[in-house]
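Here come two complexes built around subunit A, the first alongside subunit B, the second alongside subunit C.
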Partner chain A sequence: MDFVFPNEQNVTWTVMIVLYPYITGLVAGAFIVSSLYHVFGRVELKAVARFSLASAFVFLLFAPLPLLMHLGQPQRAFNIMITPNFNSAMAGFGFIYTAYLIVVVMEIWFVMRHSFIARARGSGPIAWLCRVILLGNLHEDDSTRAADHKIAKFLAGLGIPMACLLHGYVGFLFGSLKANPWWSTPLMFVIFIFSAIVSGIAVLIFHYMIVARLNGWKLDQPCVRSMTKYLWGFMIIAVSLELLELMSIAYKQTEEWEVLDMLIREKLWISYVILQYLVFSLIPFFLLGINSLFNLRDRITNAMVWTAATMLLVQVLLMRWNVVVGGQLVSKSMRGFTDYFPGLWEKEGIAVAVVIFTLPFGILWVFNKIVPLFPDAVSRD
Partner chain B sequence: MGDKRNTSRREMLKLMAAGSALLVFPIGPLLASEERQHGNGAKGPYWAYAIDTARCIGCCACMRGCRDENDVPEDVFRTWVERYRIGMDGEVRVDVATSIDHIFEPIEGDVANAFFVPKLCNHCEKSVCNQVCPVGAAFNTPDGVALVDQEHCIGCGYCVQACPYGSRFINPHTHMANKCTFCYHRITRGLAPACVHSCPREVRIYGDLNDPKSKLSILLRQRSYRLLKPELGTHPKCYYLGLGREVV
Partner chain C sequence: MDTKPPSYRHTTRLFLVIGIALVLAVIVRSQLVPESFGEIGHYRADAIEEATQFELRHLGREACAECHDDIVDLHAKDAHARVPCESCHGAGAKHVAAEGDGEIHRPEGKQVCLICHRMLAARPGEFAQIDVEAHFAFVGVEDPQTLCVDCHSPHEPLFMDRDLRQARLHPLIHRCRDCHIGRTDDTLPRPEGHPAIFECDYCHAEVAAGFAERPHNGVRCTACHLFFKETESAGRILRDSDPRFCLLCHRDAPFRSDDAPPGIDWPDHRETMAEDDNDLDKRCIDCHQDRIHPLQTRTAAAGEE
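Up next is the complex of A and B:
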């Protein structure tokens, strides 16, 4: 099993293409949490409603960056919208992304207009910036607030299918490639959506708890418990779908299974079986399950839930890695495997990936300086 | 009512006569052209390859010819040669020439069969690489050659992933998708592709599928052939003459 076509010696899609669906997943998941509050009236999520919307926005801003780092001709990136080939799943990216960005920006505008106005009435560069964002209109009364609320609710509702489309399309992009047996499954679309929701809720819990601790805020416990249950539920669906897909190919024992079996046993044993499933799925499953079913003390719950959320963030990253890189390790000869591990300092290497992933958190910090993302936060003392 | 019925019967007869005439007239040219017309009904040549693997000696002259003609960078390949060894126990082992001066090591031990298989882009009629290109830079010419528009390719690599034959790569110098062009600059001037030209054994036969008298068309009528991965529905146009079932 060492026959690899000579052009397959180096994988084409690097860690940047692992990062891209990971970041769009965070966008989709965070957005859905904000919509649970804005559209479905889950009031217990109010504490993180603004934060989740802003998180979706900042991650969305950075989602194309790994793609641009990866493109051989990034200066031609807009060709995807100027000369699109609509037969290609990838051609949808520019349009879906732009439409979704517009919806998210508009929703932020309507949800946070009140805060922008409050800030714009002050002085200094931030007030000036807020006046620009508000297009110079600082008028506010009960009727404008009602209108803002109504429009925001509509946009939040509209954003749900768009978030699913943005991320589901990434799954489709892989799932529709018939040349690759590891990718080619119609379930990929759904798997990507659910794992996106998992990563989105996980990043909110992870970040919210860190921010609360750093600022000395009291955690909104009903919010944490609610997010815990959502995270548990969505992770069960996501992992079940992933296992279902695997079991389905394994049980059918098709010709392709021979090579995929070897891929799992020889190339992805640690990253897929041990880490993705046994460590980073099973442990969070129990941690979240215990906290969803039993009423433990807040401190214990918070520690366990934060651990589970952080582990699930890693789990989804591993899932992206195992899909994107794993699929490329199998030669199209079906008789051999190639290898890949990113370098630390190369253009599409680990350091660049870490920087791209860290930047949204910095922008979120700046965002919070302009308008508070946790207006109802209560000090622990 | 009666008049109406008579009129309609007469009209019916007229229509039937006209319909029969319509059936008779176009059938001749349609039948005549059915066999010859490939591609989107375009007139002119429709290029394809036949590979006679039984003749290949694994000298890799085709790879050298291609590299010299098309300035292909190191470590990527528009064409390459594979050697299949079928053991006495049926085990299939394949080694690949990964440099232009590659010399295949002599085979040790008994083998049931051994042969060389030159590979290149299959210039598929329904190229999946064309389908997935987000900017339409991958396209098929009317004369049946799959090409990449170097003015529009964004270097995303989606076509590289989609090609089931491993024929595409990202050129490390231009950072764009690259592949065998069927030496389009040569064939449109009546010259043979570089790999065909440099092969000392006439392993590669290129020709016009629309010309029933072309060597390729005659060979395809006379010899049995196999296509690679036909189940994927890409309609490849590399016809491997008498190819073993082990080859992928």
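Up next is the complex of A and C:
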């Protein structure tokens, strides 16, 4: 009869697991924007088409990093590829991620081949790197460009369901855990996909406007206005789905509602109700709505849209936090809660999370040094 | 307008590289899959054999009893009876191999105890759980650095005067938190209209009435009448009359505040009050029963006049 009493005071999925769906969402969202141009012919998005594809690629490179940081034995992560278990929801990530990465890399290769060739014809280490990327073949004419365009369009089309699958799968990981009432809903992966698109568009607006200001470029106003409308539309869908899910549980008054009600009122009141909905959803909703419905001066529009995009980036991060951490605060007995806040310098703490989230922006800067991500940028002067 | 038909020749190398990478991946994978993988399930069959070859690190309390039989016996009669030695002291194999010379963990600090005893709503109500702040306030400890072991011996935490397993069977005693999330104070009055539940005064009306008029009336019955749930309807109840149990609240100690329950200088108090040698064996309740509640016979408890 020897035993040690079970312990529910530790939250095992830390801020790293908050960051994982967040970065994965940025990938999916950025890719969708790129595909709106490459597949659906939304030419007004041309100014950010390459940038969004590169952003998707770079965030994709960093998506597994929080997971690896979370693992005690990260080298074992590759076992899911070596001895795949097709019944494991966790293992799914390895396959979906790898397939999606191949598609994105190939799409970048075909979309940016012209730019790579231009750089490869120069000299120096970057030219040498570009020749390696091009596999030594620098031949280019109208017929190769036509082929590149066709293949890129096909890959962009193929990438859309894969982007949805990748991020939907992340939502599935949570939604399929029937033991957790805060996660267990078939709507979870739909919510994750739409919030991913919101965060992806938001990060593009946020980053594009900063880059344009730092470089003294004129913003492509039709592009900004178009992204504003997409962002507004997708955020309405994402937030509505989340609220509908919540209302559905609350209205049904199932047995788990008792504890979820307490979770929302006591543990997540600030981060969920006040911040996620009342501040970081409602204000961007009005800011984007005004700019989608009325034609304001460019300067005012840009300031409002940048503010809204930045707030929505925080909103989606809060959503990830409230889902991942919130779900773990509830005891399996449905009788009470535990607490969690990451430390600053822990292995899975805030400093590491900030570094992981900042690194993709640095890599994008390097990417831009190799091939221009805004080839059509025009100076303000 | 580009009218030239597309030419795919420049993509040959790319698809060739992808093809080679895929073939290489398949070859590398075939080399990395362990030989016995999948023979009897989705894992290495050899892992089972390898696991049996590991040197045992936890030896069980029988190994401890070979040298520390006095402590193991003491441990076996008290509240920690079902907690194995190695849960607190860590694996004992090295200690045994060193013939008792070190190589064993001696837990320090409160956190070790709180791993099991921290107040958590997830834990069943009958399990001993401590909100340190509330507990210190209850027993009048003013120094927050005070350790659990300053009052409770880990091997004999409640100084039970009998083996718990030999204690009397008693119908299940409910606690508020059995039904109410987060409610820990069992001394609060029931609100009007509360469903009838089995309570102490249901059988022990005379005792409960007397108790309410005496100095201990803010203490719930089960603070002294230790109750351990055994089945869904019953458990063991123990009236602990070991003086050291009373001293858990009443010991005069430097870390206690002025608001603490009256402190007793033990065993000087007993020696000072003793009129002859027979009094030196007296327990607290032999003199102070009237401070707690009137005694009650079993027949009265059963409802017979």
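Things worth noting here:
Rule of thumb we're sticking to: the second predicted complex is superposed on the first by the 375 of 381 C-alpha atoms of A that agree within 3 Å, B and C clash if a C-alpha of one lies under 4 Å from a C-alpha of the other, contacts with A are read in each partner's own complex, and residues count from 1 in each chain.
We adopt the following convention: contacts are C-beta pairs under 8 Å (C-beta built on N, C-alpha and C of every residue); 3 or more make two chains touch, one makes a residue touch a chain.
Because the structure is a prediction, the values reported are computed rather than measured.
Clashing of subunit B with subunit C is the outcome of superposition onto subunit A.
Using the contact criterion defined above for the overlaid structures, shared-chain residue A:M262 touches subunit C, although it does not reach subunit B. When the two structures are aligned on the shared chain, A:Q73 is found in touch with subunit B, with no touch to subunit C.
Judged by the touch definition given at the top, the superposed model places A:W109 against subunit C, while subunit B stays out of reach. Touch criterion met: A:R335 reaches subunit B and subunit C at once. Of the two partner chains, subunit B is the only one that A:L177 touches; subunit C does not reach it.
When the shared chain is aligned, subunit B and subunit C each come close enough to touch A:T83. Using the contact criterion defined above for the overlaid structures, shared-chain residue A:N137 touches subunit C, although it does not reach subunit B. Shared-chain residue A:A146: touches subunit C; no touch with subunit B.
The clash between subunit B and subunit C in the superposition falls on 94-102, which is one of the stretches 40-48, 94-102 or 166-174. According to the touch criterion, the shared surface of subunit A, contacted by subunit B in one complex and subunit C in the other, consists of residues 3-9, 83, 85, 331-333, 335.
Taken together, the subunit A residues at the contact with subunit B in this complex read 3-10, 12-13, 67, 70-74, 76-77, 79-80, 83-85, 87-91, 93, 173, 177-180, 328, 331-335. Touching subunit A in their complex are the following residues of subunit C: 2, 4-11, 13-14, 17-18, 29, 32-34, 37-38, 42, 60-61, 82-84, 87, 115-116, 118, 120-123, 127, 177, 181-182.
Residue ranges on subunit B touching subunit A, taken from their complex, read 75-77, 80, 82, 92-98, 119, 128, 130-137, 152-158, 160-170, 174-177, 232, 248.
By the touch criterion given at the top, residues 1-9, 81-83, 85, 102, 106, 109, 135-137, 139-147, 149-151, 258-259, 262, 331-333, 335-338 of subunit A touch subunit C in their complex.
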